[in-house]
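The data blocks that follow each hold one structure.
Below, subunit A partners subunit B and then partners subunit C, in two separate complexes.
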Partner chain A sequence: MSFARWVSIYGSTYWTGLAWTAFIALWASFGAVVWGCVLLLIRLSAGRWGARGVDAYVQLFRNTPVLLPIYLIYFAFPMIGLPWPAVVCGGLALILQNGAYISEVLRGSVNAIDRVQFDAARSLGLAPWGTFRKVVLPQVLVYSLPALGNQVVLLLKDTSLLSAISITELTMQAKLLTEQTGAAYEAFIVVALLYLVLVSSTEVLFRVAHHAVRWR
Partner chain B sequence: MGKVDVRHVWAAVLLATLVVMSPAAGAEEKSRLDVVLERGKLIVVTLTTVPPFAFNDEKGQLVGFDIDIARLLAQALFKDPTKVEFVSVTAEGRWPAIESGRADMGVGGTTTYPDRAIRVAFTRPFIDSGISILVSKKSGIKTVADLNQDKFTVASLNNPQMADRAKRFFPKAKALTFDTPAAQFLAVRSGRATALQIDTPSAEYWAAQNKDELEVLPGLLGASQNNGVFMKPGDFKWWLWLDTAVAELRTGSWYPQYAEIYQKWFGKNPPPQKFYLSQ
Partner chain C sequence: MIPPGSLALLAQGAAVSLLLAAAAIVGGTVLAIVLAAAAFSRIAAVRALYRVYVYIVRGTPLLVLALLLFYAMPALDLRTGPYIAGTLVLIIYTGALFAEVFRGGVLSIPRPQWESARSLGLPPVAMFRKIVAPLVTRYTLPPYVNVCVMTVKASSVLSIISVWELTLAAREIIERTFAVFTILGLAAAFYFVMCFGIDRLGRRVERRLALRGFAGERA
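Coming up: the complex of A and B.
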């Protein structure tokens, strides 16, 4: 069977997989950025022990493969009475892991802010929370945009691991089609192209955003 | 070295893709049997998460009934059961491993189905199989009919036969799909699923390991089935050798060796060598 014919027959079965991948990547990216900001806030404001706690957390997630939290949350949480759906468990694992990376990215950008601004904020009477929200965060997010885009791309690709916990995203769809039709090359080439499209559009999106905010 | 032109890279990628996809690629005259004998080693694709067929023991060694079958084949080929290299894959990885020629043959709880036999060739069966239901005892489920309620969840593997059986025997139950039997098992143990469907020997193995929690429902889901050795279709000489070897194991000159590994993994005698010979 030619590749074109195979795609014409089975191509439409990819839509649900594409939708799941996009959906999970979207909400998990959003969650990971928020979680990264929270970790940054703790690091900056909760004193020495807060910073050490965040450090330990980052080390833990940076030094373990993301498949572990995926398995742990999905299979272990029901044992402690929390049978959350697979999408929530998988998304949560991605948020916990990528949030750790993102907090490190943001920390790098905090160091790029001129110390004078902190003194200025204090002299204007801004509380630490106000300083973080009005001075630090807006600048940090802008500085970090390219690196954040990178992290979102990584997260997007990691969603393929969620096929291990019965989510029918793109990779699972390809596995199902391989089992059904035996056409492994066709099934996975189509998936590769779809990931390429998803990742390229994410990159374009971040580049546009970066250009839009750079000249403020 | 000059600068690499991006267009050249793309052209090379395109060319490589075409070569991989073209039917002419890998059209070899030589039989796999000769290749295997020359190499002095058998390359076998297998699953690693289907006890007691093929799984890792406490020491991390790949063991099981199907693994021993592959070793007996190596014994027949090279007079040495250790001349086997195992390639571990997930369920859907079995077919491309064979199709691409990465492995000479495959074993690992693999059931023969007519629609599967279109894309891979099977030998005659080396063991009977069937599909059973493994349930958690807490669920109170006693028959397959009990399972057909929307409050129950059944874990299946990602092949179409599993999906068909789920639709036929318990259409009302919720379905979860995993890529390894180990994940199915984990799903039942963790309470993600109420039950799972799997080859009967695997279900019995897990039930025996977890007597307090799990049990196998009486009866098979559908018919008795055949598990065989599979390989790339079209190579008559190779297929004939494998099929003959399996026949000798199951009903012929190597029946004693077969009976030995059968006893080892299932704790009982295999079906009689020939139906008209009394045991």
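Coming up: the complex of A and C.
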């Protein structure tokens, strides 16, 4: 079957997959950034044991594949009385994993903040929470935008793993189409192209955002 | 607590994972050296080809590449099962990552090094052996080790194309025994030991290779 003919026949079936992938990637990225900020806050404010706890958490997720938390949440939550939909389980696993990486990214940027600013914040009478929210966080997020972009791209690609827990995102869609039609090349090349488009537009988006906020 | 026999199965799976990763690291490194050479080619078309390769491999999920190859293999009439496809896709994937690491390493060689090598009249082979290789290995060791760790983790994705390794072993045991927490915890422990071990090993090599007063200085 020619490629153009394939797209004209099956093109529309990809829309749901694309929507699911974009939806999961979007809310999981948002969640991962928030979770990364929370981990950073714990590391900075909860003393030595808080920092150690975050360290252990980060090391654990850094050294294990993301499929494990995906399976863990998907299989274990129904057993402990939380029959959440697969989309929530999968998204949660991605948030837990990527939050660990993002907290490390943000930690790197904290060091870029001039120490004087902390003294200034204190002399203005800002409480630690106020310092974190008004001084540390805005700068850290701006400094880390390029690295955050990389992490979001990784997360976006990892959403493909959620096909293993029966979410009909892009990869699952291609698998289903392959089983229906036997045309693996066509089904997966379209999906690969769609991922390339998603990844490239994410990268462009973050580059634009970085340029927009750089000179503040 | 631990379902009988599962520990041995998981250990076997871990061994397979490690073998897959080792094959991918060796194959990927060789591929990456060729690719990195292409990245610095004099011919613009070759450089463009390198960029396209890296763009495609880094822009698509590993699972999609794996499934593409997995389904394409029978179509090519290569009846080899998922192991060859899995190893191949890991090599393709790590090759792109390693190549970017090496390219970055070459780019961070300080300009005076190039200039002095040229002014000494070193032939290209000697320049590579005496200047480029020693510097690039030291510059790129930390990111290289990172990619190695990523490769071990990435091998878990192959479980989805039915390559029997640690993650698939864990999944099979869970489907039989429903011991989700125990089995996934054990699998995580195996992965952790492998990845953390590679990381520590990398640091040891890094210390051994360190040249006093130089290795830390980058352009």
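The working rule: the second predicted complex is superposed on the first by the 216 of 216 C-alpha atoms of A that agree within 3 Å, B and C clash if a C-alpha of one lies under 4 Å from a C-alpha of the other, contacts with A are read in each partner's own complex, and residues count from 1 in each chain.
The rule we apply is simple: contacts are C-beta pairs under 8 Å (C-beta built on N, C-alpha and C of every residue); 3 or more make two chains touch, one makes a residue touch a chain.
Just so you know, these numbers come straight off a predicted model, no measurement behind them.
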| item | value |
| --- | --- |
| Which superposed partner A:163 touches (first subunit B, second subunit C, both, neither) | both |
| Contacts of A:185 with subunit B and subunit C, given as first, second, both or neither | both |
| Residues of subunit A touched, compared between subunit B and subunit C (which is higher) | C |
| Contacts of A:108 with subunit B and subunit C, given as first, second, both or neither | neither |
| Which of subunit B and subunit C A:176 touches, first, second, both or neither | first |
| Subunit B versus subunit C as contact partner of A:83, first or second or both or neither | first |
| Which of subunit B and subunit C A:200 touches, first, second, both or neither | second |
| Touched partner set for A:3, first subunit B, second subunit C, both or neither | first |
| Which of subunit B and subunit C A:65 touches, first, second, both or neither | second |
| Common interface positions of subunit A, toward subunit B and toward subunit C | 75-76, 79, 163-164, 175, 178, 184-185, 189 |
| Footprint of subunit C on subunit A - complex, ascending | 59-60, 62-68, 71-72, 75-76, 79, 157-161, 163-164, 171, 174-175, 178, 184-185, 188-189, 191-192, 195-196, 199-200 |
| Complex interface listing, subunit B residues touching subunit A | 17, 20-21, 90-92, 95-96, 99, 116, 118-120, 155, 158-160, 176-179, 183, 186-187, 190-192 |
| Residue numbers on subunit A that touch subunit B, as the complex places them | 3, 74-76, 78-79, 83, 86, 163-166, 168, 172, 175-176, 178-180, 182, 184-185, 189 |
| Residues of subunit C touching subunit A in the complex | 55-56, 58-65, 67-68, 71-72, 75, 149, 152-157, 159-160, 167, 170-171, 174, 178, 180-181, 184, 187-188, 191-192, 195-196, 199 |
